[in-house]
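Read through the structures below before going on.
First chain A sits with chain B, and in the next complex the same chain sits with chain C.
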Partner chain A sequence: MTAPPLRRGTRLGSGTLSFTFDGRRYTGQVGDCAASALLANGVRLMGRSVKYRRRRGLLGAGPEEPNALFTVGTQAQLIPNVQATQLLLREGLTLRSQNRWPSLQVDLASLLQAGGGLFGAGFYYKTFMWPSWRSYEPLIRRLAGLGDAPLACDLPMPATEHLDCDVLVTGAGPAGLAAALAAARAGARIVLCESEPLCGGELEFERGRIDGQDSDSWLAAMLTELDRLGVRVLTSTTVVADNHGEFIAHAEPGGLPGSNTVYRIRARTMIAAAGALERPIIFANNDLPGVMLLGAAERYLARYGTAVGRDLVLFANHDRAYASAQRLLVGGMRVRAIVDARTDAHSAVGLSDGNALQSLKGSLATAGVEILSASAVTIAEGGRAVRAARIAPLASGGHERRISCDTILVSGGWSPALYADLHGSGAHAYAPELGSFVAAAQSDWHIHAGAANGRLDLAAAMSDGHAAGTRAAAAAGATGDSGSPPQARGDPPPRLAPFARSPCPLVGEKRQFIDLQNDVTVADLRIALAEGFSDIEHVKRYTTLGIGTDQGRSSAVVGAAILAELKGESPAIVGISRSRPPYQPVTMRSIAGFHHGDAVMITRRTPLHDWHAAHGGVLEPMGLWMRPRFYRASGANAADAAVAEARRVRAHGGIADSSTLGKLEIAGPEAAAFLDFMYLGKASTIRVGRSRYMVSLREDGMVLDDGLVLRLAEDRFLATTSSGHGTHMLSHFEHYQAARWSARGATVTDLTDAWAVIVAAGPQSRSTLAQLLGAAWQGPLAQLGHMDFTAGRYAGQDLRLLRASFSGELAFELHCRPAIAARLWEALNAAGLTPYGLDALDILRVEKGYLVSSELNGQTTPLDLGMEALVISSSACLGQALLDRPAFHEASRPRLVGLRAADGRAPFLAGAQLTIDAAPTRPCGYITSSVYSPTLGEWLGLALLARERAAEGATVMARDPLRGRNTPVRVVSPVHFDPTSARMKV
Partner chain B sequence: MNSSDTCHIEIHGQDRVLEFAAFHWPASGFDPAAWPVAPGGAIRDATDQACLLHFAPHRWLAANPTNEMEQQLDSAAHAGAGVKLDVTGKWQRITITGPGAVRLLASAIELNATLDGRDCAAVTLFDCPAIIARRNGGFELWVQSSYSVDFLATAGRFRAMLQHAHE
Partner chain C sequence: MTRLACPFCGPRELREFEFHKTGPAAGGQGEFERVYLRVADPQLSIEHWQHVGGCRAWLLVHRNPSSGLPLAVELLAGNAP
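Moving on to the complex of A and B:
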């Protein structure tokens, strides 16, 4: 390992911190990131690649880092795949390397790299097929993946904050700051997000002068003015997704969730000023620890005071490498050589500051730096880390050189950060002067600025930022004066010549690594092309190029350039693959937000919820509602309890909480006409005080929902909906009220929570209610016909009594205000009507052939469900016209039927497929509901069966391969019990 | 704990609540002086509590209405402008007050944008349908009753987390 030659302290703080890496204790300085602290401790091996488990060190110093991914923390606060470059050191931090066994130094799976020639792109798809994928899956799953997912999660809930602004600026580098200032001066409301802990971006390294001041002074004054103008500056905050105008930004101070905040930002315009990412040049063995990006070395030096090595070879294709070399020399490192892929002529002749460059080259030469133009590093030599660089002239006839070094710093230019634009399928164009892509067409609501827009020199970047800020402010309606653009002077433009990879014999391309995280090599791209995958998106998926946690930051552009070279096309034609949010890894906990644990889904509770919970009700979700499935006191298990409850209802009576039914009041002079349009059948013919079972259709003729419609007055109706469809039906009604009935005399109001509903069902229900409700209700109870209702008062509150049944028994619905629901329920219970749950209700309704969501599944028409009478009675309701489609009348359409076991005993379950006989032929239907009927002493079912097979008396086979059952069943009427409904009409 | 982050969540008893839904707008039967005509407008009582809220287009909420207000709604209904509905029990009134109220609710919505130029709005707070109105020192909420338990639990979690973050 190379001992660090200097350690000057970090820019961000002072003091010492201790931490562990793979169980070994180290110390770092306050302000260090995990990567810089390890570098300062002489640690260069920080990870293993996913596929070949090759040794990997740091490549970058920021979010582009593909190699140094650590698992951080312990037990339930374990977080895998944290980039060491983004993780701020803190006292006691526990870091663990990934993808190795038994240790990072000695990894047995690294033997796979011996088969590197075999394991090229597509190897898995072609190889693990015999005898079956299952044979290999356990081993491959153990080897695959990035780190271990924690088995429990105890991470704290992230804070959430919603923000609204005119202009969101992502990136507080020179361009972003100029943009924010211009827009804020013009009067726009600004949010400025910076992923680093401090603002300034490249000003940290590039010492320029702005508006006559040094960059530090200008930056301090700038931040003061932004504060004065009310700009919300969010540091350590990265915009990770653009959801069509709502931007998601994650603030993770220290790069680790804990006190993190998720910002949801609605912005009229977004200025992408996230800079540009340095990209590598590809050569053989370019994945050895010690091969790094040149800009990363500068960052480790400038920010952390850490030298990345002692003896450096720089390999680049632009002028900036010379200024960087000078800074590294000043930092105490020895630069052995600068390998420039360009010719001398390209880099200096005809340029305005060519003299300055020549002067810099002279000074470097004096310091002992060898400058090799028109040359390339072809191979990095070394076993565990870089020991030397082999260099060859690009023109034929030259001699290969070998220069000893411990670090090779590469820079192939900069690629504008286009993540959000690429995700949104924004148009991009190839810029040859950058060797990369820029956003092509920029709308007023999505503007790129600075390096993200291809402006790589300070003056141009700031001018571009100012223009973007001015434009965005104007688009947001801010009309103030945005001032004049900052006058800046910094490093000259890099003037690069695109150069993606060094020359290499075919066999060596297996060691030319493009994507370091996924071990994608130049050879893999060749294989993909040979297999016919030529589109950049297909190549990405076939080879896994750019699909890792780094989202191809270091590999996407260079991969596209090499693909273009292999195809013999221009990169402009090849294009670049899309990125996907989140653009930066985030924890699942952050995505979940407050939807975690008990709060994973918001739930709705009836006014009787607490009673159910306190009296053994087993509650289960139905839509958002929690409803009692059964009561523990009724039986030893769910099945026994349901049977006992159903038996009690038929024999005596029971009560059920149906408060979850949706209740929509439709009121106004045109309410009846509106409902005639919304429902099959005519609401306008319902008399006041009566109710009717009605069905609503979707636009395509499929049944949407069913329920009762009560006519409260000439111009008022109450439509009840099924519990699970309540909110859907509300929005369905509201949509048509707004779209088709706007400004007409009909309103829709949701009264679901305004009324609790208690069902009292069974032969004793009437007498129990008469006893309980008092004298005023005796008459109505005696006189109410089936489907009639009446209203009155109980305990000083409104009460509506509806005689309707979903059990086949004499039954009443009591619609009461929530305030008295518990009192009424307890009184009914005390009077001898015990509660029954959903399972018992299922038994009762299947016995009677009543429908629920299994039959109203969005794929059935009223004709399928035997509702011809309703169709005939309706005139022109929504969806009715499409019922005439010939396909709805074919013999293969399903028909609702009843089923019983052919032998009268065998059980059969919902979900079983129905076939003509025992052979596994094409199903002709399936069972939608099945129950054991305590009343009839056998299993009963409802099914959707092809009409041509639906004749009563026919026998079909219920095939249930998942449960290993084949049961012959007999087709019967769906109404299994009391077909004349004598029991409920008493 | 930073005092600027504290807030108080209070649940109130079930008052009588009415909604008024207009067929079309503008309409006869409305006295512009007595009605919050513009969506988002509200009329307040002497205690600064919003008592008639134009919380959604063509839709008003009358919280604990006085006889006078109810007569006003009846008059509008009789004039054919719309319908009055008794929705008692539908909404649970909750107040959130204190210096941390804005930050707590910013966990769910962007308050400044939502209430920009308005007194009230129909919103979704922590996945729960609600009506929000400004009041002195905080906010008044009407959360749909069946959601109110989960709303309080979630708001409580955010409040604890925000306060913990500043301890």
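Moving on to the complex of A and C:
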């Protein structure tokens, strides 16, 4: 390892910080990013590649970095895949490299692969096919992939902030600042997001003159003016996704604990001014630590005072390389050579500032820099890091050179940052003068400006930004004067000649790395083409070019150019692959925000919720509600408790909390007609004081829900819905009320929370109620017929008493005000009706063949469920017309049946598939519900079975391979117990 | 599209609304045609939304699916699905 290069301190502050990397302690400076701090400590090896485990160092200095991904933090505060270049150093930071085992220096998998050569594209798919990919997947996944996902998450809650503006400007470089300024001066409301800690973008390196000032003074004055104009400037904040006009921005890349904020920004217009990303030129072994982007070296020097190496070779295809070389020389590094892939004729002759370039070249030569035109770096030499560059002339006849160096700085041009467009449907076009792609169309709500729009020189970028800001402000209706465009003068245009890769013999293409993050080489692209994957999107998926957290930032444009070369087409035809949001890794914790743990969803509580929790009720979610499955006092385990509770209900009685039932009041002169339309069967024939079991259909004829409808008055009904469906049924009723009945007299009102419902079921229920409710209720109770209800007062509050049963026992629903629910419940409990939970209720209802969402599962028609009588009684209700479709009447349609074990003993479980012996692998039905019935002493089931197999007495096989059980079962009536319902009609 | 203008509540955040179905029918008189045969026009989608997080009104929304932008919002009143 070479000695640490010279160090001058960062632009962002002073003082030192201590941190660890792979367990070793290092010192950095305030303002360092993790990458610059490690570089200053002489660390060059920062990770291993995903597939080949090759040693990797830094390529870039910004969001383009594909290699240096770290896992930050420890234990439950672990964040994987954080780019070292985007991670601001903090005191005590714990960093770990990824993709290596047991250590970064010695990686076992890389040794294994060294023996077998490199895996090409499709290697995994082709090699691990027998017996199936799945059998190899766990092992391969352990060896591959980026950072490990943490097993626990104890990150503090990130802040979420909602912002609203006319114009969102992404990028506070020259163009973004000009755009924000123009739009703000015109009176538009602006949010300006800059992913770096400081505004200015390229002005950090390119010291131009703007409006007669040096760029630093101009920048300071402009930031003051933006502040005065009320522009919200968010630094260290990256816009990572465009959700159809809601932009997600993330502060603090990597989302370090306690410091990150997610902004949801609703903007009328987005001006994309996020600049351009420098791209490399591809040559053999270009993944060695020490091969870096030229612009990255400039940034490490200018911002962090860190030299990337001592002896440099520059490799580029444009004029900017010469000015860069000059700055690197001034920064104290030795530039051995500039390798220019262009011919002399292309670079300077006949240009107005050609003389300036010639004199720059002269002074570089004087300083000992060798200038090699029409040449290319073909191979990076070195084992652990770069030791030399091999250079060949591009025309035939010249001889090859070898120049010792520790760093090869490469620049193949700049690709406009199109990411937000590439996430969506934005069209793009090839710009040959850039060797890259630009946005093809500019709309008022999505404008690219500056380098992001292909304007690489300062003056053009700033006037482009100004125009974009003016346009966006006008589109937002701002009428002020946006001022005159800034007059800027910076570096001359780069005069780039597209050059994607150096010449290379076929065998060497396995080491020409296009996508460093995913180990995709030129050879892989050839394989993809040979195997017929020629579209850029197919090539992406077959070779993994541009997948992962990188999403092609460092590789998509180069990959498109090389694919074009291999296909003999123009890049304009090949195009560029789409990328996926987010633009940079964002933790799921950040996206979740406060929707975490108990706050993932709201919890609805019945008035008796606390009572259940305090009295051993084991609560489980049902929709947003929590309902007791059973009470601990009833038995040693869930099964025993449920059986005991069900037994008690049949023996003398029990109480259950059914407050979760949806309760909709339908009122108005046409309420009855409305319900006739909404339900199968006729609500209009229910007499006041009576209720009826009703079923509603979706418009395609499938059963949607069921419940009891009570007629409270001639023009007033109460419709109950199943517990999990309450909110949906409310919307469903409101929908059809609005669409078809709005001009007519029927209203829908949600009363779900206005009434608690306590069910008192069992032979003792009537006598217990009579005793408890007092003398006034005794007459009505005695006369109350099945499905009748009566209303009165209890403890000074309204109470409605409905005689209805979901258990098959004599039973009453007490609809009471929430204020007295607990008092009534405790009184019933004290009078000997003890609580039972959902599991007991399930036993009781399966014994009676009553249905829940297991049977009303969205795939069953009323005919499947044996409700022919209801269908006949109804006329023109919602969904009824489509019940006539022939397929609903075929012999293969399911039919609700009951099941018992053929031997009367064996258990069987819901989910098992039903088959006949002649076709043991082709199910003709499945079990929807199964319980052990304490009343009948055997297992009972409900099932949906093909009508042609559903004759009572038939035997089918219940196949349950996942639980290793096959049980012969007998088809019986779904009403297993008390088929005449004598018990509930007493 | 980040906001919808509810006729009662004014422009409101999209997450206050729920999307339920797309209309209208492509043509034909029968119920089957009404339920299943829907127009898929890249320039115009006619949709039903409910302002569930607000006034609960059902809305008829005309939207351009290509741009994602709403063209018109009115009450569903009487416009049969």
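FYI, the second predicted complex is superposed on the first by the 953 of 986 C-alpha atoms of A that agree within 3 Å, B and C clash if a C-alpha of one lies under 4 Å from a C-alpha of the other, contacts with A are read in each partner's own complex, and residues count from 1 in each chain.
As a working rule, a contact is a pair of C-beta atoms (placed from the backbone, for glycine too) under 8 Å apart; a residue touches a chain by one contact, two chains touch by 3 or more.
Because the structure is predicted, anything quoted here is derived from the model rather than measured.
Engineer: Should A:L882 be classified as contacting the first partner (chain B), the second (chain C), both, or neither?
Structural biologist: After superposition on chain A, A:L882 lies in contact with chain C alone.
Engineer: Thinking of the overlay built on chain A, is A:D753 touched by chain B (first), by chain C (second), by both, or by neither?
Structural biologist: Touch partner of A:D753: chain B, not chain C.
Engineer: According to the stated criteria, A:L163 is in contact with first (chain B), second (chain C), both, or neither; which is it?
Structural biologist: In the superposition, A:L163 touches chain B alone.
Engineer: Mind telling me which of the two, chain B or chain C, contacts the most residues of chain A?
Structural biologist: B
Engineer: For A:I602, select first, second, both or neither according to whether it touches chain B, chain C, the two together, or no partner.
Structural biologist: A:I602 sits against chain B, while chain C stays out of touch.
Engineer: So in the superposed three-chain picture, is A:H735 touching just chain B, just chain C, both, or none of them (first/second/both/neither)?
Structural biologist: A:H735: touches chain C, not chain B.
Engineer: Pick one for A:R266: touches chain B only (first), chain C only (second), both, or neither.
Structural biologist: both
Engineer: In the superposed arrangement, which partner chain does A:P432 touch: chain B (first), chain C (second), both, or neither?
Structural biologist: A:P432 contacts neither chain B nor chain C.
Engineer: Could you say whether A:A743 touches chain B, chain C, both of them, or neither, answering first, second, both or neither?
Structural biologist: Both partners.
Engineer: Just chain B (first), just chain C (second), both, or neither: which does A:A819 touch?
Structural biologist: It touches chain B, and chain C stays clear.
Engineer: Overlap of the chain B and chain C footprints on chain A, residue-wise?
Structural biologist: Of chain A, residues 266, 742-743 contact chain B in one complex and chain C in the other.
Engineer: Touching chain B in the complex: which residues of chain A?
Structural biologist: Against chain B, chain A makes touches at 156-157, 159-164, 259, 264, 266, 594, 598-599, 602-607, 609, 625, 665, 667-669, 715-716, 742-756, 798, 817-819.
Engineer: Could you please specify the touching residues of chain A with respect to chain C in the complex?
Structural biologist: 244-246, 266, 699-700, 731, 734-736, 738-740, 742-743, 881-882, 885
Engineer: Where on chain B is chain A touching in the complex?
Structural biologist: 14, 19, 21-24, 58, 80, 82-83, 85-91, 103, 106-113, 126-128, 144-147, 149-150, 153-154, 157-158, 161-162, 165
Engineer: If you look only at chain C, which of its residues touch chain A in the complex?
Structural biologist: 1-3, 13-14, 18, 20, 30-32, 35-36, 48, 50, 52, 56-58, 68, 75-81
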